[in-house]
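Here's a structure for you.
Chain IDs A, B, C, D and E follow the sequence of writing; residue 1 opens each chain.
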Amino acid sequence: MSSGTRRRAIAFARRLRFYVIAAWSAVTLNFLIPRLMPGDPAQAVVQQLEVKNGQNLPPQTVEAIRKLLGGVHENIAVQYWHYLGNLFTGNLGISTGNFPTRVTTLIGTALPWTMLLMGVSTVLAFLIGTGIGALCGWRPGTRTDSVLSPLSTFLAAVPYFWVALFALWLFAFRLGWFPLAGGHDPDADPSSPRYWLSVLHYGLLPALTIVFSSCGGWLLGMRNMTLTTTGEDFVLLARAKGLSNTRVLFRYAARNAMLPQLTGFALALGAIIAGSVLTETVFTYPGVGSLLKQAIDNRDYPLMQGILLFTTLAVLVANFLADSVYVLVDPRTRAQGGDAS
Amino acid sequence: MGQPPDRRSILRAGGALSLGALAPPVLAACGGPASATVPRSDTVSVLNKDTAIVRNFNPYSPSNHTGPMGRYIYEPPLWIPRLDPAKPQPWLASAFSWSRGGRELTLTLRKGVRFNDGSPLTLDDFVHSLDIPLKKPEFNTAGVTYTDVRATGPDTVVLTFDKPAYQDLYALGQLSVVSKRQLAGHDLATWNNPDPVGTGPGRIAAFTTNQVRIRLRRGYWGGDAFPTRNLKFPSASEDTAKLLLLDGDLDFASIAWPSGQTNFVDRDPAQNLYSPLPSGTIAMIAFNHTKAPWNDIHVRRALSMAIDRSAVSRTVASGQDPANLAGLAPEVYGSWLLPEYRRSQPLDVAGARRELAAGGWQIKGGNLVKDGRTHTVSMTSIADWPAYRIMSAATADQLRRHLGLNVNLQLQVGATFDSHYNSGTFDIQYRLYSSGTLYQFYNTLLDGQGMLPVGKIAASNQMRWKNADTDRLLAAMRVTDDPKLIASYAASLQKIFVEQLPVVPVLWECIWAVATRRYWTGWPTNRGIRHYFGFDAAAPEAILALKGLRRSTT
Amino acid sequence: MKPALRNPKVLAGSAIALLVVLAALFGDWFSVHALGQDPHTLDYLVINQPPSGHHLLGTTGSGEDVLAQTIAGARGSLVVGLVSALISTALGILFGVCAGFFGGVADTVLNFITNLFIVMPVFALTLIVAGYLNNTGTMTIALIIGVFGWAGGARSLRAQTMSLRGRDHVQAMRMLGESRTRLVFSEVLPRLYPLISAMFLHAVIGGVLAEAGLAFLGVSSPNTISWGTMIQNAQNQNAIINGLWWWFLPPGFCIAALGTATGLINFGIDEIANPRLGAARRAAQQAVKAA
Amino acid sequence: MSVLLEAQGLCVDYLGGERSVRACAEVDLTLRRGEILGIAGESGSGKSTLITALTQLQRPPAAITAGRILLHRDDADGGGTVDLTAADEKRLRALRWREMSIVLQSAMDALNPVMRLSAQFADVLREHRRGITKEAVAARTAELLGMVGIPAERSGAYPHEMSGGMRQRATIALALACDPALVVMDEPTTAVDVVMQRQIMKQILGLRRRLGFAVVFVTHDLSLLLELADRIAIMYAGRIVEIGAARAIHDAPQHPYTRGLRDSFPPLHAPLSVLHGIPGTPPDPADPPPGCAFHPRCDRRLDACDRRLPRLGPVADGRGLAACLLHEHPEEAPVS
Amino acid sequence: MTDLKPDTETPVLEAVAATKHFAAGGATVRAVEEASVALHRGRIVALVGESGSGKTTVARLLARMYPVTGGEIRLDGSPVGRGHPDREYLRRVQLIFQDPFASLHPGKTVLHNLERPLRIHGHVRDRAEARARAAELLERVSLLPAKEFLDKLPHQLSGGQRQRVVIARALAVRPAVLLGDEPISMLDVSIRLDMLNLLTKLRDEEGLALLYITHDIASARYLCDDVQVMYAGQMVEGGPKEDVIQRPAHPYTQLLVDASPDPARDRAADGTADEDGTTLGEPPNLADPPSGCRFRPRCPHAMAVCAEAFPPRTELGGGHWAHCWLHADGSGVTTT
């Protein structure tokens, strides 16, 4: 078995090599993309100031501001070198749109909100969608299945923000069940239990809309996988063994049908930061999505770079975790020895 | 609160009941009144549409998001009233006077002013505050133009200018006076100043990512006569703000609301208020004067006459009325405005056709044709603001209907739009124009001295207007503070503006006051406006406006 | 083809899709001549009108006819959807099929790029790039969506191609002396058509949704009428708050309908390709009836 | 020996939208306790359908549309006769694995890939022996694996970690977990090599002798059955065309198809001669020929063969049953 | 190097001490070790062994689907290169795959399948000619009436018909050698013999050299002239078929022959002691094979020397040879 261990180590090293190169490529791409785009951050800031002041700024001031905000006068290679150096020290620079706040501070403030809202609702959507999907795939053609499956197709195709806006109007405004904006009761003291309960209350509607519009995709995927898996011999044998239906479904059919879903789940988990833009814009939620929107509006390079970096790393980490989890739940991946035909 | 429950609170209770089964603790905690410490009825709630999610109150940051909150903390040396920007008023400087032909300005520091940390405002603080923009031009976010600051007495400061600067006071209304002691040891380029010290009445009482609370202190130099000491500034998008207003969670917001009359005021006319306030800003059509056919006065006039401004106003439907011929809002520039220019340009299709004919223009296939050359009409407008999308589309629609002109309308985002404007690479732009004083109004728009060629980024006269009379009048206006002379220059400039039509004013732009009288009354309205409020107000106006509020008795 | 046309799901889906395509092709003509409404006309006399005999779906806040706009929006949305889907599918085929078929170094490089794009925050990048390149029109938006959206498809195409490459019939044709290019085009690609068409359909609705999302965030082409920009305009002018449901609902509903259509077609294709999916349901229904 | 299982007039249809396909038609079978009954047939003959029906494992769109399956239980198990086609799910579950178990063709597919072997044994032991201790489960698993020559320590392995032969033997051990009276085997040796096939056959014979279970053994390989089975049923186009003792099938096949099938296997040691299989191809189950389904390929075809469906009946010399007009009208001569 | 061959003619295609190692996940799989096989015009060689014995790899090495790790492939006596075969080579050597269902593109007609090789190798100039040639090819593989089959799609054909099309397609290039990789194992039993008879006909009438790969010794005996037995990547025995099958010299060949089903075998004599479930072990892991003779761990006659080196080739007379230390005591001429 030592050769197996070595093979596994080699496979692991290969995986790791991919993640390292991917991370580097992502970091570089994040550096390049904003710089390849027209426009510069100082321009946006100056413009805002001039609108606010109702008059133009003296040219030397504009020049000085441009310099202060890290204008594009440096050699791009030097910039890149500094950028990499700063990354290793955890310094993502200073946001130009919120000068002089550090990007890490901004992301640090916003990240927990996004993680909480998007993380919880993504997990919920996955669990609900996968669960119902497994039931639909297990008993295809039942009333539940014939209603839910086409419905999920529809739900998966409805623009998310459209549903969210409508939900906001109906449940928060017309019915008044939920607050209209924000991530918590702004009048509550952050150390009080009331504050934490308000966090729940404020997060409920955004979370429900996410679950509502994203569980359809999970449902369909799981339904078809379950349907395919129930055709497998080992499910037939499990039935032949006289095991109870629930046991056959969960231990045999769903357990195996879920494996491909996990990869998707990892990607979805990693994508939550990027996916949060729409949700957080609709619900004025104080997370990374709102921050990204703001960064784009302000042409805030450092902030954009920082968010992209975080997002990419989140996807990479989620994938790495998924790989690891996959190895745990699917023993076949553990000893992927090569075989000749 | 002692009021009979309205429909909304009943609905909310219903919602609470039906949801109660799902999540009882959540609603038990959140269904109650807004705050345990400060009742909602004792708080003035004003929208902060400049979403601040970090505690950044550095007043010199080119991009700080202090929004309306900063107005209650930092104060300027002078108050430039928006309703009469030509008449600066003393504020932290209790007096000011010109000398050396407008090259020296002496400011007298007000006595007895204390910062909100209790320390007194000294001349040292004052000089330091005025000096920062000189030492570090990157922090000259107010745009001051003096070149030297000097304390000349126990409470006087002299600002020196290179050239007569009678028209440059505007920037002193934007400057924040800060505590030298608080700033000491901090690098303005890295410091957020989370607990700002200023001379204003406010102090940060609570800061969260969604809302900032300000508590007004006692001992403010301007007096204690505030209707309440509690202000809060919830952050929300404009869309959400409308819902918050309807829900009574916001008292005031400065946002445009298409069909605000029917959709907001008419829902509860006793309580709801939607008021477009004049601001001195216009929505106008700007021409590139380096390009044919826009350098032809006949074409500009024809365009102006073919626009049905009241129809455009109705289409926009958020309160912008047709602008007058001079483009000068009577509420702001009323003392200068010539009576014959108080009217708007009416729709005059026949006149427009006559003008085109007079210039030798024909319209063929939707395009302007003269001497066998065909000119297409390309109009750009700003995509970021929905009102401009509608205004420009409605205008294009009218030119098509009235003159048979095919307007190729393009919407651009702000940055692109402005960069085309600044470098003169546009045909016609539909844009907002705002400038402080009357001088600035004409100077920024039309000053031909040092005009930059097309392709260079210009900060003023982006339309490349070249007119010797205009330049002469502006030069003369710059160096005098004689009201009579200024009035005569202003009249001449108005004439040029109306007769030569370097731009076509279409509608007034407004500052909106959307308010409910549920808890407070005395909001600024277009009838009897005294001071602005909210996001668009300068610090003195915001403080004065707040003082004008009264508790609602209904 | 026959089983496809007999499948009710494919039929229903195709009918909806066809309607959208017709609207995209002849919508302008139809609006102007049959409805008497130009989607671009702003009529200040009839702002925010609920549906009536004259304006079947009412008017917008600037007096545009909602029905005419919805019909015109089909073109805007469909163009973005189709162009972005074409680009992403083409890139997906290029990367996936080449990597899967040629293997070796080509596979290592192409597959790495594919994996990289899979882990990149695609929507965020799309948003940022689109935000910068604003005003460059629908095509640019479509291009950006397409360029950032191919990786998932490439991955499954690669897997499929690898499995096909090893199939006996491909090996057999190779043994007969068939050239590799021809193998790709005549043996591998045709067998990928079901997957590619599913991918394509998926990408179309993905593109439409992405455009709508971008429009909502204010970074789509403002000069084109699409369902996305319609929702954006409705949102900008407070259609929901003001109760203008006739303005807000149709474009979103159309997107959902188009999405459902593509979903149904994909479903149907799946059922035909994998008879168990369909047969199981029919049989179960019969069994229920019989019992 | 007493009768264990009876199928009477069993019909299995694949229900389709417009037309159904009859995969098994009017099958009558009797299986005695401890007997190995071989069922031989080519692809599409309905043999796999038959055994999924016998074990009530048919899945939609397959459905039993007529007939009964009677399971006669041993007195030790409570006795009595159960009609499996009428039993509800709960009743069936109680009978499964205790009365009848199944071994499928590919052990790789039949074992849950993500569960250890021991867990798959434990699953079934716990289901059918309520309250069994952990130790007892482990001991029984080891015992069962030992019976097929797998060391007990391999029980912790996942299916993919074992060789094909070992996996297949493990599924046989699994099938014996609850001492069933009947083990149904669906081509259990097709996926393994000749040497392993021989081993497995020997193990089946040995275990049958020790434990006394009956076996229904389905395969396309008649040569294998001739060595293994006590009796053999030959299926063609969904019907049983001949049943008889293995030796009789080998020595004197009564049905032309059986004869053709037997002669399709070249001998290993006997002198070689040019052989011909059966001309033509097996019929499409969705579109079987009228009359006797074999008639288009039959070299002893009678006039009535394309019209009359022969019934399974005793042959002249009483050596089993066959469904062929030759035996209904032995006087009539072949046409061609 | 000279080989003593019953036939002095130069083999059309020959593998000489061909070795193939695969790299897989950091390990080396030693799939084939120094295997030699020679194919002569008008003769059929059967390569017999269990799955994983390397027989398919040998066929693919001969077809040059991948390069040899060691040794060489010779066409008409001259060594060939290591790269992908050129069309010249493919015109001489054709491979027939096991699965007729997977070997034809499901979306292409029979005509298209036959037309491509004809065109690639320039045997036809236009469509009409292609059609005529394709029909001829179908006639050669006894798919009659040929015209009817030309426009059919693969799914409209039975397995046997498909395999005939596959063979016809291989014949289209007019090869000298056909490599058949288990060409009948996926077919229905009743039609296998016809396929074997077809291959025999091609050998006899067209003088093709044929390699027949199978695990079924009985069919090998029926079809071929010579038999070679492979075990775990090594050639263990070979020679004229009756010599090898009736008088196997290598213990593995003996095991293989004994294990093969033989309906003629006397069942009464088969009640062997193996029924207790002892097993003979399984083929080794080729990533980590035993030293010396790879059959050693399963061999009842294993000796110390077996672990030391792979036995040399021992000629047993009449072209019969074996690699086994039991016979390597100088009783024959040894070569390596």
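Miscellaneous remarks
FYI, contacts are C-beta pairs under 8 Å (C-beta built on N, C-alpha and C of every residue); 3 or more make two chains touch, one makes a residue touch a chain.
Protein names from UniProt, one per chain: A = Peptide ABC transporter permease; B = Solute-binding protein family 5 domain-containing protein; D, E = Dipeptide/oligopeptide/nickel ABC transporter ATP-binding protein.
These numbers come from a predicted model, not from an experiment.
Least step count on the touch graph, chain B to chain D: 2. Of all chains, the one whose CA centroid is most distant from that of chain E is B. Across every pairing of chains, the maximum count of C-beta contacts belongs to A-B.
Chain C has its Cα centroid 43 Å from the Cα centroid of chain B. Once the centre of each chain is set as its mean CA position, chain A and chain B turn out to be 38 Å apart.
Note: centroid distance chain A to chain E, computed from Cα atoms, is 55 Å. Per-chain CA centroids place chain A at a distance of 53 Å from chain D.
Across the assembly, chain D contributes residues 59-60 that each touch 2 or more other chains.
Shared interface positions of chain A, defined as residues touching 2 or more other chains, are 39, 141, 169, 173, 231, 281. Chain contacts: chain C has residues 219, 235, 241, 280, 282-284 touching two or more partner chains. Residue ranges on chain E touching chain C, taken from their complex, read 63, 65, 87, 90-91, 94-95, 97-99, 102-107, 116-117, 120-121, 166, 169-170, 172-173. Those residues of chain A that touch chain C in the shared complex are 18, 21-22, 25-26, 29, 33-34, 37-39, 139-142, 145-146, 150, 153-154, 156-163, 165-166, 169, 173, 224, 227-228, 231, 267, 270-271, 273-275, 277-278, 281, 292-293, 296-297, 304, 307-308, 311-312, 315-316, 319.
Contact residues on chain D toward chain A in their complex (touch as defined above): 52, 55, 57, 59-60, 89, 92-98, 101-102, 104-106, 109-115, 123-124, 127-128, 158, 160-161, 171. Interface residues of chain B, counted against chain C in their complex, comprise 239, 242-243, 246, 257-259, 262-263, 311-312, 314-315, 317, 383-384, 386, 389-390, 393-394, 397, 409-413, 416. Touching chain D in their complex are the following residues of chain E: 50-51, 158-161, 188-194, 196-197, 215-219, 221-222, 245-246, 255-265, 267, 270-272, 274-280, 282-283.
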